[in-house]
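The two complexes that follow have chain A in common; it is paired with chain B in the first and with chain C in the second.
Entry: the complex of A and B
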């Protein structure tokens, strides 16, 4: 009976819901196969999900409860390009730029795990450039809307809450992209210097640098793209 | 420490095993899905068709980014559930505020029309 008990104890499930029970009841680590850095980034991203979630819910509440007509985003964000009137074109281009940056980021992570220093650094720099392009286009968009009279307290086309929701949501997202670009350039510098090949410790820590830093950076960057997917759907298309 | 190093090495092998092609295919799909979302607006689709298409393309894009680009598909379920289950709270909040906003609109319409 005693041996049956120990056998039962040591046999751990390999897959399925039972792994959640064994992982969370483990005596030391709940998140196996995941370093603390990665687990903390995921938990930070969850908290950021709540931030953007409440922003979008606030926008929904304002838009649903206003008795004024909501400005037509399709027309507000339209541009004249070479004589053609294209609705929402700038936002579409911004979406493609950000998705492309996510693609290059995913490839940078992959090359990082292959320990190929140069392609990893090059892809990180390309990701940062695409991110900076996105922020530049957002600055252009803000300038255009402000010159047309959009303010957080009013606009020429309808419900006053349009401006406050727009500046709040895209402003916070743009801030995230800007921080991401800085973060990308710092990681790219570390990669090209060979920090992760030689295990050189970071500035604030005695821990050895590892290529996993590229993956953690990638989680943040993909999250920024993920938030844009929801902003694009709910703010610009709805 | 040895356990951490071992699990890290195992993870690295898993990630390494993905060919670059996988990321290019997902990238391509994200482009196509974004183009479809844009076309929903371009062709001025309206009503239930518009909203259901916007939500479908949005969820497909979000799913691809989280599952493949963020490697969630290869994480242990303990982490996956720890991240995804709390998002249910946002959906509950969303439902509550939708009901609340509906009520606010009703009272505003009643109040403003009463004055005229």
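Entry: the complex of A and C
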């Protein structure tokens, strides 16, 4: 009796694409060994990629649709230093600073996984300082451009969209860096206080603190750096 | 029968599933207001969205009064009419449908259906609701702002959206854009929760390919929303800049009332591309959860396993992916390279293939099923018919040559109201009737429910079918009266009056639903834990309504897919997902029709 029920208890071994599907759809977790927080950050960054991607595409479309000439970015962002005319020098330094901060962030993650409290916290603070330096230089750049007459609605050199796209995109990226700096300092405080060693519950969430927070912070920080590379390429170099 | 069988699955170590620390409420405020329990958040979302839905319904009444009896109501002038149309559209699509299907049903059903104790990040989940409420308040505030709400049409096309002459140009448009930005920020926090809970937070034995299709639908829609809302976010930010700072992202050089404006060099078409890159996926963000829910309603109330489960899943994913490459079919008359029209028409028609797979599978699920015409089942059947009808008129609009004469006529209005207005709303009603017993422990009144169904179902057909005809006559949409165009026969205005009367009746009939919803909380029949004798996990909770944490001491273990109805050789006509194979009562099949 009951053959109709029992015969469905086993299934023929799968092959090809079906195996991939079965593996991916496996029990409980689609991505083994990936914690909730890390998965959430990756998916958030995917969503944020679409935001920055759309900003850049919008900027490129505006650049194509405008009838007036586009200002020469190398000249606009040039500085006179000690009598030398250096195109894009400030942007080059800013890029260098931000990329370096990715290095210190990676080191912080490494020390975090070794559960070394002091070096982790120190490197997080260094990363935050580099980030703050970047934002500071960006503020300097904004001030310089504004004093030269660049406004969101117009500038002395050509297409009005130059200023619009500049303030919008660098502003949105700078906001990301600023938020990153704030959270870097919060994570650094948690590290030095030993929250991640003792699993102290978070103030808002009540979740136990873990050193993985440093890595998740790192994901965000590297993403913000990567976005800057694209902004650098498409806005400043083009 | 069960093509997703009882094979053993390797269990991963249940680290976070075990030591998830739930934030238990300590006071009335954290239990009912600032609650981190997904079920409470779900109810907050649903109630808020239903309230907005009734406001939007009322706005549509005013619109219909003007169209049916032009000139009779002096306070509905052209400007007010545009404001009504704009707010009705935006509220219904973003603040009602998206919020109910993802924020409402997603929050309630995802954790329960995958056997989780809660969403993975309850705190962010709570913030999601409060951001949503803030967005709603900002949107409603525009009714009281100087100049009133924006009247730019729900698509908010620039340049007219921010120029004088458009109602709400003073502040309504700003509030609308800010509200959208806040909504998107709030949705992102919720959407990340839904996605991560489905991917990483399931209970033991719950593989992706064992999940109920409801979860698949909401999951795919959430992923799509996380990728589509960024385009709306960016478009809103850029238009805010155009409005507030005088930038020219979307604004070409133009002359307003004889004065040349400072704008110049922008691209209005860019906004349309960004808007519809969000707007078209949005159609499926609303439709996919509805597809999933309908699959579960049909399987449960026809006592049949869903036909072609794997194909249903692949069809959901295929529709989700395809919906990102069809957006410009909303822009055939906007001025595009003709090859674009060719490309987008092709992709649009391809999307009919996975959609047709789903419709055939629903019908094959019903085929020789043990169909119980309960209220949820009626709504599910109503959905299939309505969706097929709306989808077929979509084939007309998807073809460029047919679309061009039909563009901006009432035909378009009839099409999208059938396919993404009425169809998902029928599912929302069906789902509320279906899951209400789990939420409150009591059944909704069946007689009232059936009355509600028949008035709504027949009424909406009577409203929107003649609208197709009006569209074919060439009656334009978005005109607050038809004017003196001589090619409209006099009967067109009579038809408009008829539609208005019916719209008033059908709208008023929704009060039956509202009454039923409130009355049944106290006076409904006691439901018990599993009144529909359904298989999926949410019906197997130890307590009804489920308490915070859902599962009591131990989370369930899942042994099978969600569709083991009428399995041959089993004594009862359904096997819950968490019933171990050795516990399944074997014996002769019960006589069909037994849903005690």
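What we mean here is this: the second predicted complex is superposed on the first by the 214 of 238 C-alpha atoms of A that agree within 3 Å, B and C clash if a C-alpha of one lies under 4 Å from a C-alpha of the other, contacts with A are read in each partner's own complex, and residues count from 1 in each chain.
Simple rule for what comes next: contacts are C-beta pairs under 8 Å (C-beta built on N, C-alpha and C of every residue); 3 or more make two chains touch, one makes a residue touch a chain.
Source: prediction; values computed, not measured.
K.L.:
Let me test your reading of the model: by the given contact rule, A:32 touches which partner, first (chain B), second (chain C), both or neither?
P.N.:
It touches chain B and chain C both.
K.L.:
Classify the contacts of A:152 with the two partner chains as first (chain B alone), second (chain C alone), both, or neither.
P.N.:
Second partner only, chain C.
K.L.:
First (chain B), second (chain C), both or neither: which does A:96 touch?
P.N.:
Once the two structures are laid over each other on A, A:96 reaches chain B alone.
K.L.:
Is A:66 contacted by the first partner chain B, the second partner chain C, both or neither?
P.N.:
In the superposition, A:66 contacts both chain B and chain C.
K.L.:
With the two structures laid over each other on chain A, which partner does A:50 touch: chain B (first), chain C (second), both, or neither?
P.N.:
both
K.L.:
Between chain B and chain C, whom does A:14 touch in the aligned arrangement: first, second, both, or neither?
P.N.:
It touches nothing on chain B or chain C.
K.L.:
Applying the document's definition of touch, where does A:161 land relative to chain B and chain C: first, second, both, or neither?
P.N.:
Second partner only, chain C.
K.L.:
So, does A:212 touch the first partner chain B, the second partner chain C, both, or neither?
P.N.:
A:212 sits against chain B, while chain C stays out of touch.
K.L.:
Should A:106 be classified as contacting the first partner (chain B), the second (chain C), both, or neither?
P.N.:
first
K.L.:
Do chain B and chain C land on any of the same chain A residues, and which?
P.N.:
After superposing on chain A, chain A residues 24, 30-32, 34-35, 39, 43, 46, 50, 53-54, 61-62, 65-67 contact both chain B and chain C.
K.L.:
Please output the residues of chain A touching chain C within their complex, sorted ascending.
P.N.:
Touch residues, chain A against chain C: 1-6, 8-11, 21-22, 24-32, 34-37, 39-40, 43-44, 46-48, 50-51, 53-55, 58, 61-62, 65-68, 152-153, 159-161, 163-164, 168, 172, 201, 204-208.
K.L.:
Which positions of chain B touch chain A when the two form their complex?
P.N.:
Chain B residues touching chain A: 4, 7-8, 10-12, 15-16, 18, 20, 23-24, 26-27, 30-31, 34, 37-38, 40-42, 44, 51, 54-55, 57-58, 61-62, 65-66, 68-71, 75-79, 81-83, 86-87, 89-90, 93-94, 97-98, 100-102, 104-105, 108-109, 112.
K.L.:
Residue numbers of chain A touching chain B in their complex, please.
P.N.:
Going by the criterion above, the answer is residues 15-17, 19-20, 23-24, 30-35, 39, 42-43, 45-46, 49-50, 53-54, 57, 60-67, 74, 87-88, 92, 95-96, 99-100, 102-103, 105-107, 109-110, 113-114, 210-212, 215, 218-219, 222-223, 225-226, 229-230, 232-233, 236-238.
K.L.:
Along chain C, where are the residues that touch chain A in the complex?
P.N.:
Per the stated touch rule, the residues are 1-2, 5-7, 9-12, 14, 16-17, 19, 21, 23, 120-123, 188, 191-193, 195-196, 199-209, 226-227, 229-231, 233-235, 237-238, 241, 245-249, 262, 264-267, 270, 273-274, 277, 567-570, 581, 584, 586.
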